[in-house]
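Down below is the structure, laid out as structure tokens.
Think of it as A, B, C, D, E and F in the order they're written, each chain with its own count starting at 1.
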Amino acid sequence: MSAVPFWVELVVALLLVCSGVFVVIAATGFLRFPGFFLRMHPPALTYTLGSWCVALAGAAYFSTLEGRLALHPLLIPLFLAITVPVTTLLLARVALFRRRRAGTPDTPPSLVATQSSADDTQGPP
Amino acid sequence: MSLALLVALPFVGSLLAALLPTRSRTLIATFAGAIAAIVSVVLLTAFPMVRGGGVIRQTIHWLPSIGLDLAFRLDGFVWMFAVMIAVIGVLVCLYARYYMSREDPAARFYAMLLAFMGAMLGVVMSGNLLQLVVFWELTSFASFLLIGYWYHRTDAQRGARMALIVTGGGGLCLLAGVVLLAHITGSFQLDVVLQSGDRIKAHAWYPATLALIAIGALTKSAQFPFHFWLPRAMAAPTPVSAYLHSATMVKAGVFVLARFWPVLSGTDEWFWLIGGAGGFTLLLGAYLAMFQNDLKRLLAYSTISHLGLITLLLGLNSPLAAVAAVFHIMNHATFKASLFMAAGIVDHETGTRDIRRLNGLIRAMPRTGALALVATAAMAGVPLLNGFLSKEMFFSETVFLSASPIIEGTLPVLATVASLFAVVYSLRFGYDIFFGPPSTDLPRTPEEAPRWMRMPILFLVAACVIVGVAPTFAIGRVLDAAALPVVGGTLPTYSLALWHGFNLPLMMSLVAIAGGVVGYIALRAAQARGRLELPPLIPRWNGRDVFEATLLGLTRGARHVLWACSTRQLQPQLFVVIATTVVLAMLAARGFPLTWGDRPRLEASNAFVVLWIVGIVCAVGAAATAKYHRLVAITLMGGAGLVTCLTFAWFSAPDLALTQIVVEVVTTTLFLLGLRWLPMPTRKAGEVAPLRDRVRRARDLLLAVIVGIGLATLSFAFLTRPAPQSISPFFLGNALPGGGGANVVNVMLVDFRAFDTLGEITVLAAVALTVYALLRRFRPPAESISQPDQQRVVSDERATDLLKPRRADAFARGYLLVPSVIARLMLPVSLVVAAHFFLRGHNEPGGGFVAGLVVAIALLMQYIVSGTRWVETRTRVRPARWIAIGLLIGAVTGLGAIVLGYPFLTTHTAHATLPLLGEVHFPSAAFFDLAVLGVVVGSTLLILTALAHQSIRKQAPAPPPPAMGDR
Amino acid sequence: MTFLRRIVPLPGLSLALLALWLLLARSASAGQLALGLLVALAIPVLVAKFWPVTTRVRRPLTILRYALRVCGDVVHSNLVVAWGVVRWRWHRPAFKFVVIPLDLHDPVGLAVLSMVTTVVPGTVWSELAVDRSAMLLHVWDAPDADAFVARYKARYEAPLREIFE
Amino acid sequence: MEVLLALVIGVLGGAGVWLLLRQRTFQVVMGLVLLSYAVNLFIFSMGSLSIDHPPVVTPGQPADLHHYSDPMPQALVLTAIVIGFATTALFLVVLLAARGLSGTDHVDGRQDPP
Amino acid sequence: MSTLLFYAIGFTLGCYALASLMVLVRLLRGPRAQDRVFALDLLYMHAMLVVMVTGILHQSDVYFEIALLIALFGFVSSAGMAKFILRGEVIE
Amino acid sequence: MNATAALIVLPIVLPLLAAAVLLLIRESRRRLGSLINLVATFAGLVAAMAILWQVNRAGPDAIAVHLTSNWAAPFGIALVADRLSALMLAVVGVVGLGAALSAAAGWSRTGSYFHPLFQIQLMGINGAFLTGDLFNLFVFFEVMLAASYGLQLHGSGWPRVRAGMHYIAVNLLASSLFLVGLAVLYGVMGTLSMADVAAKVPFVPPGDRGLLHAGAAILAMAFLIKAAVWPLNAWLVPAYTAASTPVAALFVLMTKVGVYAVVRLWMLLFPALEGAGTQFGGPLLLGAGLATLAFGAIGVLASIRLDRIAAFSVIVTSGTLLASFATGSIAAAAAALFYLVSSTFAVSALFLMVEPVQRTRSERHAQRPVYDALPDEDDNLDDQQLPLVGRAFPVSIAALGLAFMACSLLVAGLPPLSGFLSKAAILTAIVGDGAGDARPATTWILMSLLLCSSLFTTISLVRAGIRHFWSTGGRFAPQLKLVESGAVLVLIGACLVLTVFADPVLRYTTATATYLQAPSPYVRAVFGTPPRPGPTTPVYPQIEPP
């Protein structure tokens, strides 16, 4: 097992710290923001840079450590990118559905309605 | 002569009789009578061998380990009993042929009668006390079945049950007594026990032993306070009453008393217990007999009284009295059996047994009447009949007994009074039914009984007369032989002469007869005026009522105890289990102070401290929300599971972390699938829990906290201790060289402890099959049958993207379009990952289990986003087949090793050198992992799809939509 | 050719799976290559009925350029949103719902679009019309909705139409 | 670390027991899950926990418990997790069936007062 | 491993833990089910990151697979929950 | 590997193979399924008998050891067939055959996957009796339980599901306790092999003994729950009575697994622990046994329905067994083992008869017993009488009645069948032992409880018998299938064999009880069996002796 040069460790450390910071910011936003849709934005930080930094750090670190190209950590952001939409899509749809059902103001009308006549966008009877 | 064969013969006969055509009574009666006759003849020829103290023995080993052998033993006393059983058996067979009706199933009757005969012979011939108990209980069963012969009658049912419970229960006491006796003497052999009289009486357990044996004997002989069953047993057919309940079975009790007389008698305990019970029963039975209106019942109480007499005689601790007892056993059997048979004829011919309705029968049936009258006289103790002789012996015993003044004073009076009563009830039996103006309102017109039906009575009455007239000639030698073993080898001098001079006993006889006549006239007069229909002076409750009430009370009490000591509710059960565990663990560890170990503490990680706090909060939150906020609870449970997974990962258990995470995903999905069928609970507004609930909650909380503290303490104790002298280094050292894998945990699963894994996948399979089977019969709750609320409000499909994925289109539509595409893109990826985990498992974290769950989750995702129909038109997942093949592979892999001569599941590695790839190792453990994979995929999918199928099975039409869009 | 088709029904997928295998195995030894080939050939056959990509995917260069652009946007948007979170107390962004009329109808294309939308912070895919004619986005900061729609369509949807249609 | 881990086990176990004693079937099944977490961690904690010593044999390291964490409890927990999963699934389905047959989710099938 | 990287890792892990704590607050507070589900999903992400960083900390590759599994399947539970909230059943 | 060692995996593997094959055939092929089930069960019985014969032949300390996966003890999982295991296997074989026959009469049709679950249940029970490893014992407990859950619920319906839910909940809790106890034992001793545990117990340092005792107690709890010890047995009666006929008959075996585990644990741990503190276990177990016996007897007395009587008889059996074992006398333990065999067959047969007997009645549910209202004072015999003409029993009822009588005698422990012999043996043993005993009171209590249980069982069974066979109301001659008669016949026949050959059986159990006094032969046998040198050669590290 080869030793890891300091500059690599420095880069890795920076990436990790970066990830930590982004994740904390994301969590802060998620905790503080009012309204569900607003709260849905910050977690994207975690899904993206939060994981990308760690994956890059891992790839860099293990590549140096093992002396060969170790790209497998990058699979994780890739898979995340593919799978995360499922949850967010569904959850956003949930929020819309429930807001419309409850008649919450400032809720966009059903998309179908925008395509057809305005009559369909009635409130609850 | 084989005694065992002699005992076995009636049993064999019983079996054969049961197989004969049930209605051919002549054939069966002849057969049964022949058996009894053979036994009688064989026995009679054996008399010379048992005279003067001779004993015939035969032993067959059965269970020598506990001292139970089939030991048969025939001495004079036994001979007398056995002859009685056999000869009266012949007579009863003959009598019953005419008594039983053409429709009665004769096979059953005679089969049971023969079985009883065998059992009774077994009782008397037993040379082993345990064997005695065996046959003793057999007589109880035979009696039960015979009393219940006419089982459709409630009196038969009740009488049979009562007889069995009383005598059977007594038999259990006898068993206990016999066991104690054997413990004292060191043997169950009667011969040994009969030699150990002094030792027994000196032993501390003598009173207990005596009491237990006495209970056995007194119940069987219907002695006070157990006398009540005998009158109820009269529901049996009369031949049975004559045979079992007067002549033989009820004598088993006095037989045992007489049998143990040499070793148990001679003490005050014996005198008071046996003599007391006998004396009281003598009086009570006679007294009650006077007031009976039912012929058989009168005879039953008379039997009780006479058995009391025999018991009293045995209880007097005098050899002469014992001889008298033996004599009276014979005499009573002869006259009472004949009386029962006569009563049976009367009943048979007239259709009733009510003394008040029966009058003047002597005209209709003079011969039967004459015989009955002679027998009655014998019962009353009229001179020149056998009853008189034994009664005289009894009287003289009471007179010449030397005991305390009170006893010396009261006993003769008691004897005279009892005898007086006997005269009264004998008159009631004899005079009341045979004399006076003939009755006219009888159910049937009486006629003389058939000749052969009278023959048995004639035979017995003749015996009464012959013995009564010429006792020494007729019976002297038999009595000598019979009494000798009872008194223990030294016969007292006694005289069987008719005339002993004008002495006190004769006076007592005369007083009794005269008083009896007077008493009878007085009673008749009183009853004519409608008084004394029921016995006066006796409390309204009697033994039978007490018995029934006791039984009822016992059962009710038992129910109450059960109700108090058990529960049909789950919560108390679980509480008791947990609380008991806590208490037991503390008790067990008591006396050993708990200490912490000195292992170097783990390096602290702040991040983990925080994460564990997250876990703790999640756990507590899940506990708090599970009642009303199920989804929240599931979410929090997921959080707790995640922290568990992280803990595994942190503490060097990657395999566990992998498994935990996939299991977590599947479990959550499972809960969600289930939640569909659990309607949401709602908290009622302003609901305040009643005090009881709050108390219970506090109690549960306390227990939960104690368990938590206990678990934490235990785990802390181990966390701080150094590692034990574990066997684990072996695994670490052998995984690679021996198991062919670097991942020790996986090698353990597929090699070292593969047997565990085989069991584990079997569990999974069994659970999956169970779930499937249960859901096949699933009936959803009423409020869940219709579509969920969310779907009802959006059921207009043109207006919304919230569509049911119900058609097998190329793509799911609406809001599921994108998720379904993504899920399908991920399917091959997941399979590659599964293959990756499967193949690397042996050397790196992974393995068949994780791989299987990955496959299952990938497929599950298809179900979620595309719907059941869509998935199942594209592929036929046959989960049961996956399971079957998995199990088969597992078992066959294991057996393969056996075929090669190695133990089950031994791993073999095939080495091959392939071009391009070089040397390839292929361990058979991989097959085993394949088995795991198959079962995991199959089981998981079977469970999940079985649940999922409920949704498409119950598709109730939706109510009309309230609005469009998402409303 | 048909024979090859039958063995390798989805060559692109097979290639991707092979790459995935080698990445997971962290080795490109002969043994792993063989195993990877096996897996990459077998799995497409197993999942062929489930495979969603029905159209032929063209223009690898466009794909690459698109990917790089998305990556750049991700980093940029990350900073934007992060900054937005930090100064939340003093400044509120112009968050709102925006309806995007869609020209892209290919399911796989739409899926990719949803991935992109999700990956790029500041946009949340909220609803898709049942006829795929429009979608609803929640946007973190879009002072001018029409401008946002135009930019979004040009930047993310158009290349996908090129690739998938 | 040890104290806190012990605390986690205790809390998980306590919460599980508390739920086990509740009267709604759903609470009971949740209790079983939490209890199984606790038990799994408890078994795991028997094996002289160590950080960064996964029981994957590395050539050159001595095969002892100082260089590897104890594989035995891990193997046991693995089996226990699987069995716990199976039994949880079973209990869940049974409570569904009970709910359907009795119309209530009380553990004894008792009807709630209206 | 240099002290720098060691502390950086410690810092990062601490950040993740802190973030988890915040997300937990959201999980407990809600207010709606979708918030909680989202919070759980984020917890999964944090767990995945923790595992990855732990791998770097221990210079060990065995942690990667755990993270991979979370990345691949962590969404399944939250997606299932979302679908449940939206439709009342997970598999239709 | 010798033939016996190879033989002893069969009771586990045969059912597993059969289950797999049964899963492969279509569910619609009922007859084939029944046939496979029967053949497999019978083969299991033959294997069990062969093991019993081998073990008995080979002398007093005969123990066959099978090192699964070819790893020596204590590292691998050893299967150990000693006298106790062999006896239990034989019991399983016979009861299994009875239950399988009964199932073939059509019971399997009331739900899905009956046969595979049945075989898995057999596998679990056999495995529990054979394994020499504590964790493997847990696994086989779970196999047995998992299958039993399925079988108990077989046919569904509210009573079954309700009882099943309680049964499952309690047993899942018990499984957790098992795991905790197991973990503590491992934490203290670092091993799970029973033989190794026995060998290491004496050397546990004093500082760890408290933990060891607590662990053993928690472990014992798991077993005592299975053994249906009062007050941990409220689940049993509802679960057993709700189960279908063959299932209930099979379940009689499961409490014996609990008793077996207690005895096994006792044999391994107690000889060494006794020095440390006699307060550990003995009197507690005796008390628990007595309480269970009393509870069971009371339950029998309180029961009207035949299935409840049978279920409480199961509890009576457990109580009798535990109390007898806890007296510490070899003779009592030997007698108890004899009793175990006999009562298992008998109660199983009783369960098999419940449903056919109920078929004789027109009403589905039991009437209140006749005695509930006291009869009037001396009702005159001429009134209310039905004609004094007997009724013949139809053949089927006569056969049922005979079987019922035999069953009653066996269950109540009345002469002359094996039930009596075993009870008499217990009585003789405890009385013989009680003379020199320091606690004669318990001897007397046990003795009276044994007799009371017999009496109560007699009362209850007579009541039930009268109600079913002597009922005055509409009674039907039930259609008895050959197989279900065969099922009862197998079990009662086995009891008859036990009765006739009581002495060899009691000699066997005496040898077993003597053997159970000390773990050393067991330990020696397990450690003395080398793995077969072969494909791999293990590297034995130096483990310092404690």
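Things worth noting here:
Following the convention adopted for this analysis, a contact is a pair of C-beta atoms (placed from the backbone, for glycine too) under 8 Å apart; a residue touches a chain by one contact, two chains touch by 3 or more.
Composition by chain, UniProt nomenclature: A = Na+/H+ antiporter subunit G; B = Monovalent cation/H+ antiporter subunit A; C = Na+/H+ antiporter subunit E; D = Na+/H+ antiporter subunit C; E = K+/H+ antiporter subunit F; F = Monovalent cation/H+ antiporter subunit D.
Since this is a predicted model, take the numbers as computed values, not measurements.
Common neighbours of chain A (Na+/H+ antiporter subunit G) and chain C (Na+/H+ antiporter subunit E), by the contact definition above: B. Seen from the Cα centre of chain F, the chain whose own Cα centre is farthest off is C. Chain E (K+/H+ antiporter subunit F) has its Cα centroid 21 Å from the Cα centroid of chain D (Na+/H+ antiporter subunit C).
Mean C-alpha positions place chain C (Na+/H+ antiporter subunit E) and chain F at a centre distance of 62 Å. In whole angstrom, the spacing between the mean C-alpha positions of chain B and chain D (Na+/H+ antiporter subunit C) is 40.
Looking at chain A (Na+/H+ antiporter subunit G), residues 26, 28, 40, 47, 72, 75, 79, 82-86, 89-90, 93, 95-97, 110-112 sit in touch with two or more other chains. Listed for chain B are residues 568, 570, 574, 578, 605, 608-609, 634, 650, 654, 711, 714, 718, 723, 726-729, 731, 733, 752-753, 756, 760, 763, 767, 770, 774, 777, 790, 800-802, 815, 818-819, 822, 825-826, 829, 833, 844-845, 865, 947, each touching two or more other chains. Shown for chain F are the residues that touch two or more other chains, namely 135, 139, 142, 146, 149, 153, 156-157, 161, 165-166, 169, 173, 180, 184, 186-187, 192, 541.
The full set of touching chain pairs reads A-B, A-C, A-E, B-C, B-D, B-E, B-F, D-E, D-F. In the complex of the two chains, the chain B residues touching chain E (K+/H+ antiporter subunit F) come out as 605-611, 613-614, 617-618, 621, 631-632, 634-636, 638-639, 642, 645-646, 649-650, 654, 657-658, 661-662, 664-665, 668-669, 672-673, 675-676, 787-791, 802, 804-806, 815, 819, 826, 829-830, 833, 837, 844-846, 850, 854, 857, 860-861, 863-865, 867-868, 944, 947-948, 951-952. Residues of chain B touching chain D (Na+/H+ antiporter subunit C) in their complex: 568-571, 574-575, 578, 599, 601-605, 608-609, 612, 615-616, 619-620, 622-623, 626-627, 630, 633-634, 637, 640-641, 643-644, 647-648, 650-656, 659-660, 663, 666-667, 670-671, 674, 677-678, 681, 700-701, 703-705, 707-716, 718-720, 722-723, 726-729, 731-733, 735-736, 742-745, 748-749, 752-753, 756-757, 760, 763-764, 767-768, 770-771, 774-775, 777-782, 784, 843-845, 849, 939, 943, 946-947.
Those residues of chain A (Na+/H+ antiporter subunit G) whose C-beta lies close enough to touch chain E (K+/H+ antiporter subunit F) in the complex are 1, 4, 6, 9-10, 12-14, 16-17, 19-21, 23-24, 26-28, 30-31, 36, 39-40, 43, 46-47, 50-51, 54-55, 57-58, 61-62, 65, 72-73, 75-76, 79-80, 83-84, 86-87, 90-91, 93-95, 97-98.
Only residues 22, 25-26, 28-29, 32-33, 37-38, 40-42, 44-45, 47-49, 52, 70-72, 75, 81-82, 84-85, 88-89, 92-93, 95-96, 108, 110-112, 114-115 of chain A (Na+/H+ antiporter subunit G) touch chain C (Na+/H+ antiporter subunit E) when the two sit together in their complex. In the complex of the two chains, the chain E (K+/H+ antiporter subunit F) residues touching chain B come out as 10, 13-14, 16-18, 20-21, 24, 27-28, 30, 33, 36-37, 39-40, 43-44, 47, 50-51, 54, 61-63, 65-66, 68-70, 72-74, 76-77, 79-81, 83-92.
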